[in-house]
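One chain, subunit A, appears in both complexes that follow, with subunit B as partner in the first and subunit C in the second.
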Partner chain A sequence: MTLRAALLAAALVLPLPAVAAPRTTLVVGMAAQDVGRLDPHFAVSTPDRAVVAWMFNALVRFKPGSMSPGDIEPDLAESWESSRDRKVWTFHLRHGVRFHGDYGELTADDVVFSLRKSADHNRSAVSGDFAAFDQIEAIDPYTVRITLKQTVPSLLGILTNYGGGFIVSRKAVEKLGDAFARAPIGTGPFAYASLTPNQSLELDAHTAYFRGAPKLAHISYRFLPSNASRDLAFENGELDLAFGMQDQTWVTRTRRNPNAIVDVFEPGEAALLHLNITQKPLDDIRVRRAIAYAVNRPELLRWQGADVSRQPGSVIPIGNLGYTADNGLPQHNLDKARALLAEAGYANGLTIKVIHTQLPSMLAQMQVVQAELKRAGITLDLQVVEHATYHQMIRQDLSPIVFYNAARFPVADIYLTQFYHSRSTVKTPTAVTNFSHCNAADAEIDAARTEPDEQKQLALWQVAQGKIIARLCAVPLIETLQAWVRRADLDYGFPLKGSLSLGPVITEATHFK
Partner chain B sequence: MRFIRAMLRNPTTSVGVVLCIVVVLGALLAPWLSPHDPAEQSILDRLQPPGGEFLLGTDTFGRDVLARILWGARISLVIAVTSISAAILIGGSIGMVSGYAGGRFDLLVMQVMDVMLSFPSLILGLIVVALLGPALLNLVIAIALTAIAPFARIARAPVLSLKQRAFVEAGRALGFSHARVLFVHILPNILSEVLVMGSLWMATAVRTEASLSFIGLGVKPPTPTWGGMMRDGFENILDAPWLSIWPGLAILVLVLGLNMVGDGLRDATDPKLAGT
Partner chain C sequence: MIATVVRRLLAAIPTLLAVLTLVFVIVRIVPGDPAAAILGDRATPAAVAALQAKLGLDQPVWAQYVSFLRQYLSGDFGVSMVTNRPILADVAAVLPHTIDLTLAAMLIGTLIGIPAGVSAALHRNGVIDVAARLLSLIGLSFPVFVSGIFLLLAFALHWRIFPVIGNANLADPLDRLTKLVLPAATLGLVMAAYITRVTRSAMLQVLSEDYIRTARAKGVPWRGVVWRHGLRNAGLPVVTVVGLYVGILIGNSVLTEIVFNRPGLGRIIVGALNQRDYTTLQGLMVIYCFLIVVVNLLTDLAYGVIDPRVKQA
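The block that comes next holds the complex of A and B.
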C-alpha cells in the first residue's frame, strides 16, 4: 500500500470535524397577509415593492445599499448618452441578458414595451412619473431612444430599479395576461417559483443571471402580519431576515440579541396631514393654521424613537434635492391653535371626520396626532377601514384630512408634483396624490422642472415649499426610517444605507457567512 | 324574593353575582375610580410596567391601563345589555307571534331563523360590521342580529304549548284581542325562560364584541374597549405583556360572572331542580 493510498484510507475511516456547508436558503418574514400585485409597475405597497426588487432589473440602478442619486450606475443598459438639450436619451443595452425560465434574451423591444406600459395609466400605477415622455422607441435590438416633451430634473431617477423603471418580459406579459401579476418574469437574480396565498412566496436563484449565479439558491418570503409572531419566529431561528417595527422599544430590545443585526436605513417615509383646502371647515386658513400649531412634532419623535425616526421641517422629505427647512413652518403652540380656532368661530372646538387605515403602525401614529389635536379642541372622528379600502377612499376625495406616508425618488420635483401640483389633484383625469387640492406653487414647480441652472432650480423648489406651507396644504408630522432585522451571519454583500424598494436588496452577492 | 334566595343559595351563583357587581360598579364609578383620563396620552410614560403611579401600567401611548379597563367596562356592558335587550324584544316578539299564529307563517319564520342560526355569531357579526362600518351602534346591531334567532326559538317553544291551555282559550272566548292574549296572558309565563337565556347570551355578546374589536372591527379609537386593548397589546406582547393580560382578565371575569349568574337563574327556574 502506498503512502497516498494509506492516507486516503485513513481519511475515509477517521471521523472528520464537522464542517457545515453555508446555508443557501434565505427565509424572510414580511408584515403582510399576502402579496398584492407582483407586476412591478403596480407594486406600490411595501411588501410588494421589497420583493419585486429581487426579481427585476432596470436600465439603470442605485448601487446596492444606496438610494443616493449620485450612486446611479448601469444595470440593463451598459451606457447612455443624451442630446445637448437633454430631451433625447439613447441607451445601449447589455448583450446576453436572459429572462427567467424560457422567456429568452432581453432586447430593446422588451424595454420599449415595459416603459410604454409604465407610462400607460391603465397598465401601471406610476404612469404620472412618465408624463414628460414623448416617444420610446427601439433603434435596434440593443438600443433604445427616449424623447421627452420637456426636460425633467432626473430622467435616470425615473428609470432606476424602482416603480416604473423595472423592465418586464413582453412575451411573458402577453402570454400570461392577468396571471403575470402573481407569477412575474423578470431578469433579476431571483425568479418566481411558487406562491401559496396567505402563506409564502417562493423564489429560486436565476442561475443565468447576467451578473453571475446568485450565492443563495432559494428565498422563502413568508407572510407574517403580526409583529409579535414575526419577532417570535425570528427569535426562534425560523427567519433569517424580517421586517421590523419602526419603534424604539423594538429596536432597543432586538439589538440586545447577539445573533441579530438591526438595519435602520433610508428612505425616511414622510408622514403628513394633507388638508383639503376646498372643503369646510378646512377651507378657512385659520383652521388649517390651528391644526399646524396643534401638531407636536417633538412629541411624535419621542414616541416613535430617535433611532428610527426624525423630525421633518418641510412638506417634502429630508434629504430630497431641493429640501429646505427655512420655510416658515408653524411650530407647536397650543395657545395660538386655540386662539385661531376661536377666531374662526370654533371656540368650543370642532369635529372632523377622517378616513384612516387599520394598518397598526399608521393607526398608532394617527392616534398620537389625534390626541395632540384634541388638546387644541380639534376632534378627529376616525373612520377606520381596511388598508386597501383606505387607499381607494382617499383617492375618491372622501376624507378632508388625509394622513399619508410616502418616500419617493429623492428629488423635490417628484414629491412636489405628485402631492402639491394642481394637475395631480385626486378625482381628476391626471390625478396622483394631491389630496389637499393644493395649487399654491404650480408655477414654481413647473418652472423648476425645466430650469437648466441648478441654483435657480433649487431656489424655485424652495420658494414652492414656502408657498405650500404658507397655504398650509399639508402639515409635516414625522419621518420614519426603514427597520429590518437579520441574523448576524447573513451578509447582504454590500453595506446597507438606503433602499428605495423599502427593503434590503437581495442580490447575487447575498450569502450566509 | 324566594326565587332570589333560592338562586343565591348556590355558591357558584353568588360568586357570579359578586363578579358582575364588581364590573358594573367599576363601570358606573369609572369617572371617580379612574386615576387618569383614559384617552390622555403621556408619551414620556409609555409602556410603564404595573406599579407606582400606574397600578396596571401604561400602553404604547402612555395611557393608563387601569383607567382604560374601567372605561372599557362601560362599552362592554352597554353593548351587551343593549344588543341582548334588542334581541329579546325583536327575537322574542317574532317567536311569540310565530308560535301563536302557527301554520305556514310559523314554518316560514322558523326557516328564516334556521338560516340565521346557521351562521356562527362571530361570522354574522363580522359581516354586519364589515358592511355597516365599525361604530358603537353598528356593533350593537351586529350582535343583536346574531341573537335574534335563538330568542325567537326560545320564545316560540313555550307559546306552542301555552296557546292550547285553558286560560288562553278562555281569554279568546271572552273576545280578547290576539295582542292582549299574547302580551298580557302568555308573555308573563315565558319571561323567566327568556331572561335566563338573556343573561347567558350577555356573556356571548361580551365575547363577540371583544372578538370584533380584537380583529379591528370595534369602536373607533381612542375609545377604550377590552378587545381593542388586547389587540393593541398583542403588538407589544414581548415588551409589555400586561397590555394584553389585564383586558383579557377583565373579559374573563365578566364572561365568567355572567355565565355563573345565567346558570344559577336557570337552575332556580327549573322545577326539576326545585328543592335540590
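The block that comes next holds the complex of A and C.
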C-alpha cells in the first residue's frame, strides 16, 4: 500500500467533524533569509516593514488597504486639532489601549517616548523625517502636543503607521534594551511569540487588541528566499499568502491557479535614471536630453508587464500628492537623441561607466535601458557590483548615472526633497539621495513646504517638477507595483489597493472564509 | 589515539587564528558599510555615523582587530550587527539542520557511490561501467537548484509525498526525517557521482596490482579479493574525497537550503554577507573552520583504520 493510499484509508476511517472549523493560522511566505531588526524605527527592509505593521499602531493610520493621504484616520489618537499656523498639534489618545504581554496601558508618556526615539538619530533609522519637530510633550496621560519649528506638508503622514510613526512601549524598550529589536512590544493586533533564525517568525493574536480580538489566532511568517520554491509551496497549499514577483509572467501564471488571488497594489516603486549634472559628459544638457529621448518607456512597460507596472510621467511617482504629468518630459525619439549627441560632439556615440547592482530585478531593468540607449549610440558600460556595495558606491558619487528604485510617503515634498533638493546631495553632511546634484527647484520645494494654501502648494510642486525635468536631473523609466498572492479563501477584511509597508496589512478583521 | 586527537586540535589553534585574521581583513576589504546597510536608504549621515560608533566601526582597524581577538579568545562570539541576536544562539538553532543534511547526504553518497564505483571497475567498459559513468556525469552536471526543483515538482507537487517547505521541527523525528529526504537526496546524488568516479579509478588501479594477482593465485575467493584486498587499498582516495566533500557540504549546501527552504549555516553566511554583518560572518567562519578541522581529523583517523601503516607513521 502506498503512503498516499494509507493516508486516504486512514482519513476515511476517522470520523469527520460535522462542520469544519475555519482555519485560524495564517502561513505567510516572505522572500527573505531572515528578519533584521523588529524595532519599528529600524525596520527598513521589505520583510521587516511588512511584519512590524501587524504588531504596531501609530497615532493615525492609513485606512487598511489604502495608502492615500486622503485616507488617514484615527488609530491610537481618537481625535486631534492643530493651531491656525499648523505648527502646534494636539492629539487625544484612546483610553484602554493595551500593550502586548504585561506592559500595561498605552499613555501619552509612551507616545512622547516613541516619537522622541524616532527623531533621535542614535535610536532610529528614520530620524530625518522628524527634522521639523521642535517639542513633543505629554499634556496629561491621554494628550500629546507636538510643536513644529516649521510647518510640514503632511504632519499626519509622518505620524502614520509607517516608519517613525509607530508607537512602542517605553517600559519594554527600557527594560529589554537591545533585546527589544528581537522581541518587540507594540499595541497591534498581533504580538511577537517566537523567532527561529532562518525559518520563521511566529506571531500570536493580541486578544486585548483595542479594536477587538483578531479573528486569526496565529501567524507564521516563513522566510523563503527562493522564488521558485515559494511558488511551489503556495501551489502545494503550504502557504496562504506569499510575496510575489513584479513580473507579468508570474502574474499570468499564478492567476491560472483557481485557488489563488493575485493582489497588485500601491505603492509603485519609481525607477529613474539620475544623471549627475556636474560630471562630464552629463554636464552637457544636450547629452542628458539625448538620454531622455533614447529611453523608450512604452517598451519597458511591455517588457515588465502592464499588470504590474505603469508608465511614469514625471520625476516623482504617480499618486503622490502634487504629482503632475504634463511637465514637458521628452518622449522617445531616436532621431532627436542622435542629433543631440552629434551636436554635443558625440556623433560616433559615447560610453559611460555606470555602477549598478546585481540584484536580479534591477539588473534586468537596467539591461533593457542599456539596450535602448545603445540604439542611440550611448553605451552604458555596466559595472555590476553586489547590492550593498552599489549602495555605498553611488553614495560616494562614483557613478555618473544612478538607476534608483524607490517608494516614499506619497506627498511630493518627500520625493522632491530627498532626490532633487541641493541639501540632499550625496557626499554632503545633509546627504540623502540626490545623486544628480540637482538644484533646479530648491526655492519651489522650500516654498511649497511652508505654503498654507493648498492650491498654491500644488502649483509650486508642479513648477518644481517642470524645472527638474527641464534641467533633466533625472529620467523616469517605469513604476513597478507590489505583487502578492493569497489563497482564495483568505479575506483581508478590506479591499487591498495600497500598503506603505509593502505587504498586505493583516488586521483583526483578516480571516479565512 | 587520544594523544593524536589532542595534538591535532592544538595544531588547529594557529589555523584558527590565521582564519580569524583573514576573515577580519576580508570582511573589511569588501566594500559596503554595515551601518548604511542596516539603516537603509532614508538614514541621515548622522544616523549612519552614530551606528558606526555604536558598532565600533569608527575605531582604527588595528583597535577593532585587538578588541575582536580579545572577544574571541574569551569565547564571546558576540551578537549580530543586524539582528542583535547572539550569534551562537543562531548557530545552535540551525546547526542540527546542517548536520542532518551533511550526514544524510554523506550516507546516500557513500552507500550509492562506493558500490557503483566498485561495480563499474569490475565491469570495465561493460554496460554497468558505461551506465555508472553516464549517471555520474549527469549527477555532476546538474546544479542542485535544478535537480532540487525537479525533485520538488515530482515528489512534492505531483505525488505529494514530501512537503516543499523543509524547515523541520527538530523535536519531531518523523518531521525531521520527512523534510530531510529530498534535500539529502539532491546533495547525496551529487556526492555519489563524485565517489563513483573516484572509487572506480582507485579500484581500477588497485585491481591491476601484483598483490591482487597473488591473492587470486592463492585461491582467495573473488569477492574477498575485491572487498578485502581491493577496496581496502582503494579506500584512501575515497575517504579523502568523502572528507573533503563533507567539509564543502557544511558551508556550501546553501543552494540546497534555499531551494528546500531549510535553515542552515550556509544561509546564515549568505545573509550575513549581503547585510555586511561583520560579527556574524566572523563567528560563522570560526565555527566553520573548527568543523573543517574536526572533519579533517576524522578523515585522518579513518586513514589509520584503513591502512595501519598510516597510524604507525
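In this text, the second predicted complex is superposed on the first by the 492 of 513 C-alpha atoms of A that agree within 3 Å, B and C clash if a C-alpha of one lies under 4 Å from a C-alpha of the other, contacts with A are read in each partner's own complex, and residues count from 1 in each chain.
We take it that contacts are C-beta pairs under 8 Å (C-beta built on N, C-alpha and C of every residue); 3 or more make two chains touch, one makes a residue touch a chain.
Just so you know, these numbers come straight off a predicted model, no measurement behind them.
Student: Is A:T207 touching the first partner subunit B, the second partner subunit C, both, or neither of them?
Tutor: neither
Student: First (subunit B), second (subunit C), both or neither: which does A:Q367 touch?
Tutor: First partner only.
Student: In the overlaid three-chain picture, which partner chain does A:Q135 touch, first (subunit B) or second (subunit C), both, or neither?
Tutor: Neither partner.
Student: Answer with first, second, both or neither: which of subunit B and subunit C does A:L382 touch in the superposed model?
Tutor: first
Student: Taking the superposition as given, does A:T25 touch the first partner, subunit B, the second, subunit C, both, or neither?
Tutor: After superposing on A, A:T25 lies clear of both subunit B and subunit C.
Student: First (subunit B), second (subunit C), both or neither: which does A:R395 touch?
Tutor: Second partner only.
Student: Based on the superposed arrangement, let me know which partner A:S194 touches: subunit B (first), subunit C (second), both, or neither?
Tutor: After superposing on A, A:S194 lies clear of both subunit B and subunit C.
Student: Figure out whether A:E299 sits in contact with subunit B (first) or subunit C (second), or with both, or with neither.
Tutor: After superposing on A, A:E299 lies in contact with subunit B but is clear of subunit C.
Student: For A:N259, is the partner it touches subunit B (first), subunit C (second), both, or none of the two (neither)?
Tutor: In the superposed model, A:N259 contacts neither subunit B nor subunit C.
Student: Of the residues on subunit A, which ones does subunit B touch that subunit C also touches?
Tutor: In subunit A, positions 226, 228, 232, 385 sit in both the subunit B and subunit C interfaces.
Student: Note which residues of subunit B are touching subunit A in the complex, please.
Tutor: Residues in contact with subunit A: 39-41, 43-44, 46-47, 60-61, 133-134, 216, 220-222, 232, 234-239.
Student: Can you tell me which positions in subunit A touch subunit C when the two form their complex?
Tutor: 3-4, 29, 33-37, 42, 44-45, 121-122, 124-129, 163, 178-179, 181-182, 196-200, 222, 224-226, 228-230, 232-233, 235-236, 238-239, 385-389, 391-393, 395, 406, 418, 429-433
Student: Given the complex with subunit A, which residues does subunit C contribute to the contact?
Tutor: 30-33, 36-47, 50, 54, 79, 82-85, 89-90, 93-94, 145, 149, 152-153, 156-157, 159-161, 163-165, 167, 257-261, 263-264, 267-268, 270-271, 274-276
Student: Where on subunit A does subunit B make contact in their complex?
Tutor: 226-228, 231-232, 249-250, 253, 299, 302-303, 358, 360, 363-364, 367-368, 370-371, 374, 381-385
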